[in-house]
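Note sheet for the following structure.
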Amino acid sequence: MTIPVTIRLQEEDFDVAREIAALSRGRTDIGAVVSFSGICRSDKVDGEGGDAIAALVLEHYPGMAEEEIARHAEEAVSRWPLTGLTVIHRFGRIVPGDNIVLVVTASSHREAAFHAAEFLMDYLKTRAPFWKREEGSAGSSWVDAHDRDDTAAARWAKS
Amino acid sequence: MTIPVTIRLQEEDFDVAREIAALSRGRTDIGAVVSFSGICRSDKVDGEGGDAIAALVLEHYPGMAEEEIARHAEEAVSRWPLTGLTVIHRFGRIVPGDNIVLVVTASSHREAAFHAAEFLMDYLKTRAPFWKREEGSAGSSWVDAHDRDDTAAARWAKS
Amino acid sequence: MKVLYFAWVRERVGKAEEALDPPEAVATVADLIAWLSQRGDEYAHAFEKPKVIRAAIDRIHVKQDTAIAGAREIAFFPPMTGG
Amino acid sequence: MKVLYFAWVRERVGKAEEALDPPEAVATVADLIAWLSQRGDEYAHAFEKPKVIRAAIDRIHVKQDTAIAGAREIAFFPPMTGG
């Protein structure tokens, strides 16, 4: 069975409500919808408090980013009984409080919806070709990757 | 620190978008918002296909239901670094495609938001005093509790 | 004390709540279930499988070996199916 | 072949992409990194810690021991920080 899979990379913001509704409206076979919204924070990712950031600038690898997300979406669909799946990732300049990324998963069972959403977020963090630069009052700097994100992604590896 | 915790039991529907926005709007310290919507399916929970249900009727224990959910919300707040938490559970007659339950968790970290939402859903399924009756063409019957829900809830027990 | 019934326990007993004053020998939740079961066919039917029945005292889940002394509100119901 | 650079690798190299034709002895991604590092200070700076650098061949993540024969597009970038 083919299920609705939507993957979008875009500079503009997205509407969480519309995306959730798009996966569930008019259907009576969906028991669970999980949404994850990643939002730009004003505190530095690597900072010990102190300096606040003015914006994140997200660079991506056009072409590969879509393909890489599509491969993981396909894997999620093959691993969990999903009825629908949406991934939206923004690029460009994003200010604190604004959305960065959205994953919505729909399933007849809650575990599948939760696990697929976590799987996709862990993979987006570590495998999707996006790079964050933080702009602050003292200039701008690239965000370092985190070991804890690799650890989170590793738990989904098939043995 | 006190964080916004909203718990509502109600007969009327809820607006997922409004609840997500209420936890994140105007704040720049939230990195992750997870929402779980539980939706009424038209296939019988215990059925082997076949009979479709016309509606679920949810009975609850007024007073205890709020208190029990509040106790688990408090536990979630003590176990994960959340910045906000909303639980809404409907009662009364609910038709297929309509919302039953909503959990929204906000945090600076995605793992906390995911885990707290899963924890709350597992506990709502097994500990919150609600009972579902299915109405179908052949009459109505009470939904049986599932061992797999107890198993899911047991993983959160503190050792 | 006030005794409440929910879902099919309520349907079988035929009422949602009642005020009861069990004798002193009825010390625990399990004792109360056994005592209720003697009160008529509808109760016997509701409590025919005592192990399935869940209980709450003053709105907190309790096991059936819990003492009922001092309880104001005791509720009986099937396993929960919310969420 | 087309070679692409992203994030601070791009900034250090000073360009986003270029067409290159490395000699045949450059067989793997690691060889290509070593060869690029000889091309000037900006490359030496970008690739000063080769183990940190990630690579993709034709838009698929690869390890540095992967052969580059037949590649149309090779990209170098730091560890990803999306999501």
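The letters A, B, C and D name the chains in turn, as written, and every chain counts its residues from 1.
What we mean here is this: a residue touches a chain if its C-beta (ideal position, glycine included) is under 8 Å from a C-beta of that chain, and two chains touch if they have at least 3 such contacts.
Predicted, not measured: the structure shown is a model, and the values here were computed from it.
Undergrad: Leaving chain A out, what are the touching components among the remaining chains?
TA: Drop chain A and the rest splits as B, C | D.
Undergrad: In whole angstrom, what separates the CA-based centres of chain A and chain B?
TA: Measuring from centre to centre gives 23 Å for this pair.
Undergrad: Let me have the rounded angstrom distance from the C-alpha centre of chain C over to the C-alpha centre of chain D, please.
TA: 72
Undergrad: Report the inter-chain centroid distance for chain A and chain D in whole angstrom, where each centroid is the mean of the CA atoms.
TA: Between these chains, centre-to-centre, one finds 26 Å.
Undergrad: Based only on mean CA positions, could you tell me how far chain B sits from chain D in angstrom?
TA: Here chain B and chain D have centroids separated by 48 Å.
Undergrad: What are the residue numbers in chain C that touch two or more other chains?
TA: Within chain C, no residue contacts more than one other chain.
Undergrad: Going by the contact rule already set, what residues in chain B reach two or more other chains?
TA: In chain B, residues 38, 121 touch at least two other chains, as defined above.
Undergrad: With touch defined as at the top, which chains are paired up in contact here?
TA: Taking the chains two at a time, the touching pairs are A-B, A-D, B-C.
Undergrad: Which part of chain C faces chain B closely enough to touch in the complex?
TA: Touching chain B from chain C are residues 4, 6-8, 10, 56, 59-61, 75, 77-83.
Undergrad: How about chain B: which of its residues touch chain A in the complex?
TA: Contacts found on chain B: 15-17, 20, 24, 26-43, 96-97, 108, 110-111, 113-114, 117-118, 121, 152.
Undergrad: Mind listing the chain A positions that touch chain D in their complex?
TA: Listed in rising order, the residues of chain A that touch chain D are 38, 58-61, 63-65, 67-68, 89, 100-101, 121, 124-133, 142-145, 149.
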